[in-house]
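Same chain, two partners: subunit A is paired with subunit B first, then with subunit C.
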Partner chain A sequence: MLLPKIMLIAFGFSLAVIIACGVVISNSSATKDSVKFSVGVVGTKEDSYLGMGLNLLKNVDDIKNMLDIIEFDSEEEAKQALDGLEISAYAVIPPEFVDSINYFRNDSQIRYYSDSGQKGLSNVIMDEVSTIASNIIICAEAGLFTLQDILNETQIDSQKYWEDVNSLFMEIMSVVIIRSELTEIEDLGMSLGLTTFAYYFTTFSLIYIMLISFAKTSYHIGQTKEFERMAFAFGINKKRQVMSEYVAICVGNVACFVIFELLFGIVFVTGIISITEFRDNPVGNFLLFGLGMIPVIMLISAMEMFLFEIISGLINKIVVVFMLYLIFTYISGFFYPKEILPATVRFIGEYIPTGVSFEYLRMVIQKKSILLPIIEILIYMSIFIAGTIWARRHNINKGGAE
Partner chain B sequence: MNKTIYFLLLVKRLFKRPSFIFMLLMVPLLVLLLKGQTSDDGTRLLDIGVYIEENADSDAVTLMDTMLKSGSSFRFCRFDSKDEMIESLKRVEIHEAIVIPADFSQALNQIINYKKITNPIQIYIREQGVSHKLIREIINSSIFPQLAMKSTGRFMREVEGIDIGESELKDKFEANYPDVQLFVMAYADGTLAEEEFDVLLIPLRGMLAVWLMICSLAASLYYVKDANNGLFTWRSGGKRIGDKLLYYLAVMIPTAMTYLIAVGASSLMVNVFREIGMLALYVVALIILSNIVRLLCRSIKNIGIMIPLFAILSLVFSPVFMDVKFGPVNLCLPTYFYLKGVHNNSYVIGMVIYIVAAFAIWTGLELYNQKLRGKE
Partner chain C sequence: MQFDISNINMTYKKKKVLTDVSLSFGQGESIGILGENGTGKSTLLSILSGQFLPDSGSFMMDGTDLIKNEKLRQNVVAFVPQGTPLIEELTARDNLRLWYSKDSMLASLDSGFLGMLGINSFIDVPVHKMSGGMKKRLAIGCAIHANPKVLLLDEPTASLDILCKERIYTYFDYFKKSGGTILLVTHDEREISLMDRCFILKNTKFYPYSYDGNMMQLANNLRNE
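So, the complex of A and B:
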């Protein structure tokens, strides 16, 4: 387990995970001052209501913190920018749309094209932003329509009619621009949840320990029934076999995690990543987290041993275990915040080994009582070790080669 | 022994193991289970708590109703007590909490007259981030109709000198409110994006695509094990690339079919023919990549070490959970091209170029390997 090659791979894999963690954190919307969707626009006309509205959105309105509007002369240019990843999407405003808005017909739509392969969370957010923009235009229209209805009942000349409509349009836009004054934000600070950095640091630490088990594939595959029977014949009973293998796997995983922790510590100390929960005593808290990982490593090692024991066949061991890990990590909220998952899935995610591990580490980071999570971890460990012993007995007693 | 029999024997060997069949059945079953968990709230992203103070005026009630009925991805849930709502926020049961003041009409009148707001809507958050800015915009969006109406009323009275009653203004405004969506998302190939979607199933295609990649790497492990056991001695020493392709296809075809069934069961399928075509290209790319990994790594131990590396790189740098742009790494992953190419033909072309380049590398490595073995 502690062969130099495996330790070297642990070093390389740790670097990969840390870089991945850094990339994810830097792309996470919660860590930025603003989400910046760069959207290209083709076909604006300055002298139209739409043109004026877009100008306001681009330069004056608060929405400019979320939406970077870049104008293009042609769809080809916008498409090239999209393919070159300079923009997230581009919108083509058909000529009939401008008239549709100017004359309040609303019988045309603007399509915005994304480079996404499928609808994801970022598209959902873009949908929300586009709905907000749509709402601004529609509400302004409703006001203008209402004024039109009233003015049509009076004997007003055409020039003054359009002057009044334009004035109301600017009036509504002026109020819309200062709308953020209607709301006030109060930050409660930390509560039961972790800050974004701590959240991703915890999940990536867990992902690292789970995935590093695949680096020991040759060991798991090398565990043949014949070897187990031979060991049994030499007086090493199934319990002793399982426990000695378990200790070896644990030691290997701890060693790999130490490498990960050291590398992450360097990144942490240099200030590239800063975890709010560790600020009062960075080194001490970081070491405490490392020590706190030991029960989790023991749990994941037991789960690893159990799964590789009960699943037979080389291909099955890899693909089934990987699939199970992927599902566990997903429903425990490692990739998306748990809050977006349905209640039933969230409930299950909290009680499976990955959810229990995450909850335990959250308590460690927030320096709360870890008694209940530790008991849950011990229960799972016992189940996995007992299950492995039972499976080993079955393998030893079963006749014939694999 | 001809190629067909060879292929069928390989497939038979896999299907002799109950656990392999169990795994193939497990994937679509899990998808159906996950799909069953999404309800009418499938489109819900986050829950936002809303509390309205006692003796609220009509504008406050209108705002509350607008929020509760909104079709936004963020679901607004009403609370009867502010303290209960804040506690729910602290327990992470809701993402943010909003308190609508009872005298909201006063706030609206103050803003349209450009006066300081004395009693604004309070938004409680747990930590700074950008989601609260978006949610703030969504809340403001709920207020737009009332703002526009009141601005129009004020303009008519003070600028035009038209004395219009609140009731008449509201009736006319609502009658003139167009119920349309001006912007709609489309993919690069022109297909309109789905209006309804299951939040739980968003990353499913990506997760299964990464799983397929792991299957192909596992096939490499199996190949090396069989090669070490002399399985290919009787089959031209395992030199022919066609034989290698068949070997990997024996693993990839059943798993790819399971993938297709799972994607179909999840309602993520775009078009059957496009799906099959894209999947075929993806499987070919994976087989070639796995062979390159096999030739470079040579042993089971080394290939096993590459599995977690490919897993983490694919999960992060392919658009599985988020779209992370990191050119050099993105372009090395067939998963990236596959997931991006679902609605974008540029990436399909990219995948074909990837396959051609990777095939050239594979062929080069095979020839080099055979030369080395020849020398030995």
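So, the complex of A and C:
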């Protein structure tokens, strides 16, 4: 009666967690598309080479992975976009800028405006843009303009060679802007040593197995002190009671995780989500992760049993356990990589059960030695089970002298 | 079969709760234990059912101390605590299956004590949807899974309606006739009148009491000095 209910909740909750996981991953700031900065450019249409240069920046150069260049017709439009947070900065290229290059003058500069929040980072990006523009594109362009001037001065019609000059420009560009072809860019989005997908897959698996304990709330609430006392009277002592309940909770949690793993497996097989670390043997590694979850499930089950045993009262059980889980998961870096947290909190986060579980799963995924984290898991598990036995003894004896 | 409770002494949290409590009874008897709240009635049942160890004393059955012989006690003594010793989310059937093998449960439902308790009529009802009477009958049904000789009950009919109480009393009668002994903590006048013998627990000691229907006299006798 209870198990089908738990399984049904597990199924619904698995779907919810997988959808949430998908949404988080697709919107993750660690994915390559969303770390791009949008920079506006005003005044590029007057000059074909400059336009072509920006086009190369947008589509060919490495910086395309970091920068979205958006062209505006007027500075006013760009300023509105900056105010509306659509862009992080904009550059205004004055009309005389190209002439100053053509005639080897240095009296016209590109003006660059950024919002205060992005100043540091966008300055770095703008430096990169300036380097590319001045060292590569502008130098090449200036060379070509010089060539045109020489042709004109020697009474040779430069228009006749325009096509050749253009193709020369493209040749130069294809030589100088080849950085993208030297390396293959892989979106790793490293978080706590894992790729973005692996990180969120791990943390969501852990969050799921912790929160699924609430599917068993009615069991935890419904089991009365009188039941424990009667069981004790019939020779089922506290240790046996706790251990048999622990096995039941563990098996229930494993069954719930199998549902989660199956549903996630479907998403995984369809390729909607792929995990770089699993790439060499996707199915095998996915199943290995599932097996690797068993010690974590054993730990979480022990923690669940302990918390529900020591906390009394229906509301307390739900609210306090939920709050504890929320704090544990937050400081262990389940929602955001824990690098954002202060050092002290980060230190605590690493050594509480959730942090230990994450570290263990990270080792499983990276196929490193799990000896230390598994010892930590076993220690925590023993503490929680011993604590539950102690609390059970206290609860049974609380009947007192009536 | 003879049962002898001898000189049970118990201190709980540095407070003397029971002093030299002694009682002898045979098969088929019913004994009521009366007393004010907090006088140690439930503690006595907890000792007899093996939840607490007394400071001293024995609970002998034909020369064997049931306090020391855990296995024998579990087969001979059944305890039904005051509240609901059931798992609320489970049905009557599932709760019974925690204690009974499938075959023994079906046999008892068919022609044994479980059938007598009328559990068949709500066998598939979850505990949280049961009435107080159903819960109490089911609790007794769970407790008697080992066919005990002594049934310890802590206020079994508290807050039940008259019909439920009568059904449980009918079962007590049936249990006694089949050779069982009932030790019952109660505050209920009707229950007291149904018992073969009654004892009052007062000032940590046990006193025999014969109820003659005078509640005022009973109340005066119950008061701790």
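Just so it is clear, the second predicted complex is superposed on the first by the 237 of 402 C-alpha atoms of A that agree within 3 Å, B and C clash if a C-alpha of one lies under 4 Å from a C-alpha of the other, contacts with A are read in each partner's own complex, and residues count from 1 in each chain.
The working rule: contacts are C-beta pairs under 8 Å (C-beta built on N, C-alpha and C of every residue); 3 or more make two chains touch, one makes a residue touch a chain.
Note that the structure is a prediction, hence the values are computed from the model and not measured.
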Touched partner set for A:76, first subunit B, second subunit C, both or neither: neither
Of subunit B and subunit C, the chain that contacts the larger number of subunit A residues: B
Partner chain in contact with A:96 - subunit B first, subunit C second, else both or neither: neither
Touched partner set for A:86, first subunit B, second subunit C, both or neither: neither
First (subunit B), second (subunit C), both or neither touched by A:316: first
First, second, both or neither for A:163, with subunit B first and subunit C second: neither
Residues of subunit A that lie at the interface with subunit B and also at the interface with subunit C: 5, 218, 221
Subunit C - residues contacting subunit A, complex: 10, 12-13, 15, 17, 37-43, 46, 49-52, 70-71, 74, 77-91, 94, 99, 126-128, 139, 142-143, 146
Subunit C contact footprint on subunit A (complex, rising order): 1-2, 5, 218-219, 221-227, 229-235, 396-397, 399-402
